[in-house]
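Below are the structure tokens for one structure; questions will follow.
All chains are identified by letter, namely A, B and C, in their written order; residue positions are counted from 1 within each chain.
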């Protein structure tokens, strides 16, 4: 008899394990605060999708006390001093939306409670202290200012996004609208959310008054929140599941890191790593903490190389977790207008180059070195990344890979320099006007040379390759053809 | 003892449930008509793929009588008066291919039976009455005529698809061939299938005579069938599984709704909704009827917003099912050449604008209002869509979203108007000839302005965004650059 | 009691089956050679990802003796005379890396063993004899020479990939670097790997000496290996799982067969076949040998049509396995510069056309027939492919499909001819210089006509369609617009 009992229990155990893996979302609500329960009672009717999504989250199933009780490497919370009044309730609606109301311009009275519309990184910091701190100094966190407080980039934004009018054959441009900014550049970079006052909205059975927010909805990485903080954790951990699985899958990064300017996703899809991911995707474990290389996954997703805590099966830490997504990067591929060592500060609008412009390189490629990390820091970061690569590749494989990348950065930068020379000659010969370097046709070709084609090749090189991409699709074909087109335009304009 | 028994049975039950979820396709054929059994006996040898695909379908497992016995919300059939001779057999080869033979020019004698090659919406209507009726009045159903019976669009088709010849430096164009039309425009819009007679085909062990069909194979949404009906249910429910799962997944819509002209799929892939779908895709339920928001799925696919019957977990209907895919749409994003209220009739070739052309807007944006739905109807449809959004988003979130979209429609239409002015100035100055507004180089830039770039931004705006897409990939970058290119072309041509 | 026992055992059995399906990778190492065990002991520490990946492979679980004992149709090895000293060990590190060391310039002493860095097709041939032999005569195997030993294509490569410099308004080009070739053309075609000597690499706790390889890492299909063999089995069966599943999924082919020049993947994604694959992907069986149409899969992946051993459920062979990926192809879609019958030899650099150039067609489309397969061979191959199609489609469906494709090939070739005529007129009028037919702006438009737009439409036609792709995305729109642009460029240059 005992055998059957044990066997049956074993099967039950294994089986329940299998079921849980794919999520048994039956709401077995335990340790829910009475405030959160009140939210749920009403919102299960008004917005069932939100409630169900939250029910699928770890937040709905774990109290901070339980989360803190795990061995350090397995923890998903990093503040050892979570306020005691929060420790024994699961992380529900009220726990998050009632944080720091005194700082929140978007806080309002809602059925007897003071809550905030937007939960900001500063609120998440209550439990996820280290992550919020790392993030707050990253380039992502400064993504709004890095674009909009930099007069050069701001001019590029305005040139692209402003509505144009044609009068007497002349094209003029208006300032871009908030709405268009919100769904173009600031869709990824983040908007500056403002509270305009309160407004009344009509529900299916009555009305309520809620804060009237400008430049919202938005989940850009550098969003300026109504509490003054920067960023949106929901960029990568979507509401209300706040899933580590989603954040670790490349589809998340694919929301913004796209061709033609930042084609990380496009390159990944065509790489060997991508092939293995897509082929074996459903067999891997995306929720394990720490994340075990070779066991939980067999080829990297974006998060593996850039920020997750990676260990080997025997517990050796291959890479520490970081929510500063540049922490393992030494060179900045992204040509603005040439590749360069990573900036020291996440706030790049403070950079001044030798031309006096807030750019990391001059027009001809001279580095604004004072604002960029030095050789020692570069070497340190490179060795962190190489440690990840070497979990699956030999040292000589890895070294050769990065040597090849160095050549690519040099050559694509030379191709940008060639385009720059053609543009300068057009300016010198009064064919175009350098007042705005982004609005005329030869200038636009120059922008495409570094922003689209140069960058595409650089990303392809760094990420072990998308050969057809580097060749014919936004690669060397375009880089060479674009230069030839610039020359043709110059000759045509000279002959008018 | 009893505990073990119950536990074991419970496990068995749960486990078998899990197995069934992933489809046990063992052919347990029951209630098959003798005619269908005869088809299968032969076709299991000649075309095993077809037979196996059908075996995976609900059609092979359910009789109409069983289908009708379900509670109304759970039904997949809508005709309460299915012919009694069909009610007790599963829906097999003969049941579908022998419908209404008298109307079918493609009917023929095949081993003693009179059958049709093509099963049309009019045949599917036998059981799926409401769906076929809704579909038959939709724009999709008229997709062939909407393109080919509209002289303006037909000219665009011919200009693109005709083989060009070069003689003495001049380019002339032939009429497009049926074959090229079939695999370009009419691949999605549908061909007009004609029966040319009979032909003899060689099988591996003999010959048979079958109808000789012209413009076939094709599964375009507005296909003109040999029985005179319009449409192809197999556009979205592929033969012979006729799967609701496939139709509800976005890959189906991705067959046609693609960049650069209708980039719904491209936008979805890069949106937050798409991210969540791709990350959690394998955990959702795509076959449940009705479809429960928050439980069966946690982010929308195309079908969720546009046509499925959506309920909340407590059974409240969030949106009724409709096979008129425009039923929840108030504004037509698709700029032809400007956005406009949805047309009243699915047949858009009947529209006449103030210029006398069969277009919903004039050249400068004036609406052909008489043929378009009014404000009340627009508001009604918008409220249906908002009801879907509000299952997961607050009312103020949703309102802000659509306000933003309104600004985008206005601005992209202004960018089209700017391009129109440049083209008109080129015509006025005899740089190009307005006889065919699609064939010269400035004209082609004008087409790209609304058909590619304007539309891309509009879709991105409506679908909660693909920011990089709206910015650099067929977005504002192109919209602005294209205008500048038009200006350059004009100046170059003026100076010749 | 017995009932419970049986039931419990049944459940256990079923359940373990389910678990195994998703891979229980617990290393139950059996029959590992002592040499391989020694490799693992060390590499589990230095490169755990490699070891874990291999543990997930069939190689780690099967001895050649076991593999050979299967019925012939189920076998994955084709050499009946595998060396006896290998037959009783699983296929581990040492078994593969110690093959034929005498031929390997990359062999070296490593902890007491003589091993090779690169395992070549000639090594895999030890067990996979037929596959290696078939591959070695295919176009893929000759992909390096077919590009680099053909002076015309080599000139195209150099024109695209060489770094350009601008001096006095003139553009000059350097020879491409090995690094850029490695990550563009040769990323897919394969590099020529050379051994430069030995080098010392720094590990985390010491140094080792390893061969210093040039043009490596690379997994291109025509890689020239240090043992003189051609190809890399890891192009499609990635190290170290060597998975048949991955090779059978389309993501593998998607590493290289991409828009704009060879858009098989792009077309597949938008086709009905692709829709069904993506919708049902996780339910199919990708490891069964032989592969059963209708049961293991319900729509084709690349491998189904092009090289896998396909049978019907009753065991009838629908198509034989071939690792010559052109074995089922009669016409070569790929326009160089026009479509043509498949070449007789995988080595296409031996072709000479009537102009004396190593191209399968002349400038105006005349075939180099002597080097191309004849009508009888074309018919034979076509019937093999049609046999695959007819597993799921009727004969008349299939015939109509290929008739349509023939028209498309003819028409797109006519569109290339039109572009050729314009380019020749530009040469005749000294607007451009025909010395290098790839470097000037009208010439580049000519290249795009056949290499990008013509090819895209041809692939779309052959693969049952991606209608929007053939129309607006690298299709007829571009084909027609490009011609118009060529005409404009000619007129502009004539008027300078």
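By definition in this document, a contact is a pair of C-beta atoms (placed from the backbone, for glycine too) under 8 Å apart; a residue touches a chain by one contact, two chains touch by 3 or more.
These numbers come from a predicted model, not from an experiment.
Visitor: With touch defined as above, tell me whether chain A and chain C contact each other through largely the same residue numbers, more than half shared, or through different ones.
Guide: different
Visitor: Fitting on CA atoms only, what is the rotation between the copies chain B and chain C? Please report it in degrees, nearest 5.
Guide: 120
Visitor: With centres defined as the mean C-alpha position, give me the chain A-chain C separation in Å.
Guide: 33
Visitor: What positions in chain C touch 2 or more of the other chains?
Guide: 4, 8, 11, 15, 18, 282, 492, 495
Visitor: What residues on chain C touch chain B, complex-wise?
Guide: Touching chain B from chain C are residues 4, 7-8, 11, 14-15, 18, 269-272, 274-276, 278-280, 282-283, 293-295, 298, 312-314, 390-397, 399-401, 403-404, 407-408, 411, 414-415, 418, 421-422, 425, 460-461, 464-473, 475-477, 480-481, 483-485, 487-488, 490-492, 495.
Visitor: Which part of chain C faces chain A closely enough to touch in the complex?
Guide: Per the stated touch rule, the residues are 4-5, 8, 11-12, 15, 18-19, 22-23, 25, 44-53, 56, 159-166, 169, 171, 173, 177, 179-180, 182-188, 199, 201-203, 210, 212-213, 216-217, 219-220, 238, 241, 243, 245-246, 249, 251-252, 254-262, 282, 439-441, 444, 451-452, 489, 492, 495-496.
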